[in-house]
Amino acid sequence: MITPEPTIFESLESEVRGYCRSWPALFATAKGSWLHDEDGKDYLDFFAGAGALNYGHNNDVLKKPLLEYIANDGVTHGLDMSTPAKRELLETLRDTVFKPRGLDYKVQFPGPTGANAVEAALKLARKVTGRETIVSFTNAFHGMTLGALSVTGNSMKRAGAGVPLVHAAHMPYDGYFDGTTTDFQWMEKVLDDTSSGFDRPAAVIVETVQGEGGVNVARVEWLRQLAEVCKAREILLIVDDVQMGCGRTGPFFSFEIADIKPDIVTLSKSISGYGMPMALVLLKPELDVWSPGEHNGTFRGNNPAFITATAALRHYWSDDELQKSTLIKGQKIERALSEVAGHFTGVSVRGRGLVQGIAFDDPSQASKVCQAAFEHRMLLETSGSTDEVVKLLPPLTITEQELDQGLHILTNAVDSVCGGIGVVA
Amino acid sequence: MITPEPTIFESLESEVRGYCRSWPALFATAKGSWLHDEDGKDYLDFFAGAGALNYGHNNDVLKKPLLEYIANDGVTHGLDMSTPAKRELLETLRDTVFKPRGLDYKVQFPGPTGANAVEAALKLARKVTGRETIVSFTNAFHGMTLGALSVTGNSMKRAGAGVPLVHAAHMPYDGYFDGTTTDFQWMEKVLDDTSSGFDRPAAVIVETVQGEGGVNVARVEWLRQLAEVCKAREILLIVDDVQMGCGRTGPFFSFEIADIKPDIVTLSKSISGYGMPMALVLLKPELDVWSPGEHNGTFRGNNPAFITATAALRHYWSDDELQKSTLIKGQKIERALSEVAGHFTGVSVRGRGLVQGIAFDDPSQASKVCQAAFEHRMLLETSGSTDEVVKLLPPLTITEQELDQGLHILTNAVDSVCGGIGVVA
Amino acid sequence: MITPEPTIFESLESEVRGYCRSWPALFATAKGSWLHDEDGKDYLDFFAGAGALNYGHNNDVLKKPLLEYIANDGVTHGLDMSTPAKRELLETLRDTVFKPRGLDYKVQFPGPTGANAVEAALKLARKVTGRETIVSFTNAFHGMTLGALSVTGNSMKRAGAGVPLVHAAHMPYDGYFDGTTTDFQWMEKVLDDTSSGFDRPAAVIVETVQGEGGVNVARVEWLRQLAEVCKAREILLIVDDVQMGCGRTGPFFSFEIADIKPDIVTLSKSISGYGMPMALVLLKPELDVWSPGEHNGTFRGNNPAFITATAALRHYWSDDELQKSTLIKGQKIERALSEVAGHFTGVSVRGRGLVQGIAFDDPSQASKVCQAAFEHRMLLETSGSTDEVVKLLPPLTITEQELDQGLHILTNAVDSVCGGIGVVA
Amino acid sequence: MITPEPTIFESLESEVRGYCRSWPALFATAKGSWLHDEDGKDYLDFFAGAGALNYGHNNDVLKKPLLEYIANDGVTHGLDMSTPAKRELLETLRDTVFKPRGLDYKVQFPGPTGANAVEAALKLARKVTGRETIVSFTNAFHGMTLGALSVTGNSMKRAGAGVPLVHAAHMPYDGYFDGTTTDFQWMEKVLDDTSSGFDRPAAVIVETVQGEGGVNVARVEWLRQLAEVCKAREILLIVDDVQMGCGRTGPFFSFEIADIKPDIVTLSKSISGYGMPMALVLLKPELDVWSPGEHNGTFRGNNPAFITATAALRHYWSDDELQKSTLIKGQKIERALSEVAGHFTGVSVRGRGLVQGIAFDDPSQASKVCQAAFEHRMLLETSGSTDEVVKLLPPLTITEQELDQGLHILTNAVDSVCGGIGVVA
């Protein structure tokens, strides 16, 4: 039934490869919510490039200007030289994203990955404040380079560093104690206690929803209070919106719901819209103390990605249609999942917008559900510290019908996995 | 004369931007060795995307399959899923690059930047050996993320980290003492002296020619001895071929000239061939101790870049034509530069293949030369710890005529800058 | 009234000097609970060398064998050579301290200070486990050398390091949240959550009562649970008994009350009994993986201190008289302090045995009380993160009369400081 | 023949013990240059407490005031309170040591060990400069606490830390390349090269003769140039005179010979004169930026040691008799050792004043010589990175006869060890 893994990957590619083990197919083409393998089989994608494909695979809205740009020999590799493609992106960011939201960020092109953006953000926070420690949260994920890894929680990934990861202080994320403690009790106490052993931090870095960490959703009031905790102590607030930004939770920025204005924002994944490597750091103007070239990188001027990014912003963010539909689709998923979860004990649902998760008290059920879904040609991944959560990250552009189809496969998978052992009645 | 910098970059882009300050033009399109600005002016590119454009801008050999791939909705964003595009790249690497050179590396896709490759290489070296220190060299440049920055020399860039950069030991690069000391005298002594204070390193990371460091060229015998120094002490040898690989110095790998086989090789910049973000780590099979997913990254499967990479390898590396022409062109540059340098005191020439440099005892002359060249619409950059070296990185595909034209502009620029003050006779 | 500070201290001694500023007298001789200045004035000592003088100043029980030893030219400086003085100390430790308590510790002489003992303990814990992180607690104090400082809480002292203090994780001490959270809720959660960002620690280091931290008393059940938390996770438990050991809280070891057996114990301060520099590390036999000389130090064989240590153990610890009287005296202090505290709001009492504290909601009152006491020739110090606690550390050998006298001065001082502002009725 | 090691040490003392393994005797009393074991056997001490007993064991000049002080109940444990004993020490330091040498140091009492002094010196250098790196030298030894260990060379001792030792840069000590390179070639180059990867250091810490490192003697011109290298770059110069100070090399400070004035000096070992734990940091007045209590320690006021220190300074340093005799005795040793070394190949001699060493190309010979000497009841230790040097550290007060006796035993030991294998003719 399953396509055997082609030999060249087994023989020549490093053992570090991961997703190709969960999804043993040879994916040749892709469109919208679908991947197609070499044998012509179709797979419904509820992973969307780990959040890098909010507008689906090879979206024609973006593909057309991309092909034109390449065909016309627009600058491809531009370092940080000025180009019309970059100019248009900056103008579009300003007019479509910043102005309507009352934001006046400056824009840094830190290199093409989320980790580049996080590394640059941490550098800047340290430079501005003259302090070293960064506060991050339990179950956080911010990247795999040494600086980003220091503020990441996962012990397996941390161990990969091969050196101690320091200059970070990890605090409890919202809900870490299931509401049994007051919000920020620990964090405020150690920040204000000069003998707590916690050195005054440069910044706090936070995801509003922790995707890799298990679809942990921070409440609006928690985010708002976090912003206040930071502001009162002159600690910079960095929102890592690499996965949750670009509309994943509904609004363009995931933090809009809390009506806060972070000092620094990192964007990547879906910012180019087409799955092309690109990242941004947004920073308050008063923080722009960089010296020219103090942070750089060969691929920070991936101009084809600027073209698709501009097209995506113009098409999807000139009005609030996408935001609305994301929220409606999210509610639909939540309803469907809650219903199936209600049939079993030890199964619960959480999420915001189009990032949703089903958590299993028995972590092994989560991977069984993903495996069952794959057998029905649907791509789903687990997340969370024990891989206990099935994470749904469908394209925001998914159709009603595709969504229904996916939910059908998924709820059946949950039923089949939990059916024999957890039925309530 | 110079195009004024467009307002949006000044007002909205971070102060960290660099090249756009040296080259105040708005570059719209590009082809081969040329960039063209919005006003229709042409610029001869002797920088080639800091070495990311060895095959020139928007090379039609690569552009054609790229457009086809995109048009046909080939998978764009593939994480580390198996795709035909990746399969072909792996096969081509094996058949075109590894087999003819007797290499049996395994291939890791560490994320799309050179820094991703360096971070992954350092992690792996530390995991394999259980040691922490990495030996790097004076004036080395390996990237801007925290791990890569630790092994980088430049103090301005290092200071940007905002935290102490540790777990690295810096050794003198070839020629650091102008031949007044025995090669590896310091390094061998401290490695073998158990009371030197130097902890046993996991690996040595080296560039065979230091591009950013000032076009410092390691001699063949120095590289060979370095490999022996490492082997004798069970220290891994990492060649960072991000800038010098893919034919920049003549052969595909810059280390081939020394007939050594590094334990780990990092590739990026020109490996995609088209300026698209992509990077590889090559590792000896016995070092492939990665756990699945122990290092990952959203953009490690930039499939369009696999397409262009495959096309570039097939077209340019199935025979030794490119290698030969690179060496011939390099000699031509060397002759021309040596001649003009001979007219002045305090000016010298160095390089290998198509990375060449003119070093000035008075560092201010180097930037003046670049500025003068830009006024004649030629792009050149300085490098070296005091920016004392004009670095030439033309596309390997540059024509004879373009090369002559560039050398004409450059030698005139040197003449005009040095003329009034350093003429010998 | 106050003796003016002699010029030579002001002119020649570093600004780092501290106690001589609080107590501007020139102390010439000392006996029991008293210090005497050059002008013949007597000062009642409720600080006892910060806990180094549990048996009082120049105790004749110890002084006699000390004088004899020196007069007879016993080895003074013995490195770690075997001497009869060391033999007797080891035998006395075994027979008087270990055997009656069912302990089988091995004994390390790590150098003469508490910080030496802590540094050695941390080294050993890291060596045994192969891990790096040490868990310590909010408001902990373990010493001023770099390793000990890393596990210390005080931000002023930490900042003195001049380098980031790493490899430590700080956890809430008992009572940190005034009982509003479950014991070890945070600690157990982050230790067991593989994505918390907390690396698996080598050891936990704890004071059973935090002296410098503000006379914070860990409950017996908290200590017991801490031991279980560690044991269940194969984390070593280090009790730093430098200040609270040697009978300060009643029993010889402060942890006896909880019926736990730490893996490693550090002792210093009163272990020599006479205020002479000496320290010990006690370690479970299975942890004794030291290589010869792997930790050393010039003054680890301070044999005169071994003589007084032996005499102190024999005289004071062959029966339970001292322990009993310490507890009785402690209760007397507690009663007296509680009574005076009851007269005011914002004043509270805490302690165990002969370490007792009066905490003031208004921290300035604590130093005013100490100053008022000094004006009546009584030595007292503040502690706590905001110096909000008056700490009582009288010699364990203090007489009833001296204790009454001290309590009289102290309660009057509290009355005079709090009287005008905090009287209840 | 050899006293069997008493059981209690084997059974109860940690495996970390070292010297008692080399010298398996039970040393009961000591006087001058002699140790006496319980069986009445006498041992000639050419180790002198690792340099802590420059005035011999239990010197009556110091013993008398010590006994009086203790008998009269002088303050024993004084923290950093002002006492007449400290006042006299400060006055004596000023009048006997500082004034005649034109020095105006301020004096810090950092705790009783050399490592305390080194840790305080490093803290201060970092605080004053705001930099983190400390330059130390190959084969340096500065102590076993974490900060001191970072600047120590020995790999076995470094590994004991259990965490990476960072913030230190190790440079070649004088003679490291046997004169084949220019002095400070490496150090000056990397300090001045902004791309060397070496961060600007706070301070350089140096021993003028490396005792533990193998009796490596820095030439006067090297020390002088080192001082200039530091001064020109605003890097603080710390001379660690813990072992070489207090007259070991002839003058009171070992650096006097080079006519340099270090910014910071650490003293310990023989500063108390009697083997009692005590240490000092001397610092230029403009560096005295300590806050009160920023560095502290329980045993920094070991007043009996102040008494013996004062007596030693007054008796031995009011004139230049001791300095003269030290140099004469040193020359005598050098002559005798050179003669015996001349009989063999692979044996050489080095030293300054009364620290002298015999180095063996075959390291095993050094320990054999020490063992042979011990069989003739003479205490000698090896040093150097491979324990290849027999180190002579006799008391400065050794008599002519004792010196002759020691040299007789030693030269015989060398003869017997080297005789069969290395005789020249």
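As written, the chain order gives the labels A, B, C and D, with residue 1 at the start of each chain.
We adopt the following convention: a residue touches a chain if its C-beta (ideal position, glycine included) is under 8 Å from a C-beta of that chain, and two chains touch if they have at least 3 such contacts.
For reference, the UniProt names are A, B, C, D = Diaminobutyrate--2-oxoglutarate transaminase.
These numbers come from a predicted model, not from an experiment.
Student: With contacts defined as at the top, give the pair, B-C or A-C, that has more of them.
Tutor: By number of C-beta pairs in contact, A-C is the larger.
Student: Using C-alpha centroids, which chain lies at the maximum separation from chain D?
Tutor: A
Student: So what's the Cα centroid distance for chain A and chain B, whole Å?
Tutor: Distance between chain centres: 31 Å.
Student: Once you find the CA centre of chain A and the CA centre of chain C, what distance in Å lies between them?
Tutor: Roughly 49 Å, centre to centre.
Student: In whole angstrom, how far does the Cα centroid of chain B sit from the Cα centroid of chain C?
Tutor: Spacing between the chain centres: roughly 58 Å.
Student: Please output the residue numbers of chain D that touch at least 2 other chains, ranges allowed.
Tutor: 132, 156, 163-164, 166-167
Student: Over in the complex, which chain C residues touch chain D? Could you list them?
Tutor: By the definition above, chain C touches chain D via 5-6, 8-9, 12-21, 23-31, 35, 38, 49-53, 57-58, 63, 66-67, 70-84, 86-87, 90-91, 93-94, 106-109, 111-116, 119, 122-123, 125-127, 132, 143-148, 150, 156-157, 160-163, 166-167, 202, 242, 268-269, 274-277, 281, 283, 288-299, 302, 304.
Student: Quick check: in the complex, which residue numbers of chain B touch chain D?
Tutor: 132-133, 136-140, 151-156, 158, 164-168, 170, 172, 176-177, 180-182, 185-186, 189-190, 193-200, 213, 384-386
Student: So in the complex, the part of chain C that touches chain B is made up of which residues?
Tutor: For chain C paired with chain B, touching residues are 163-164.
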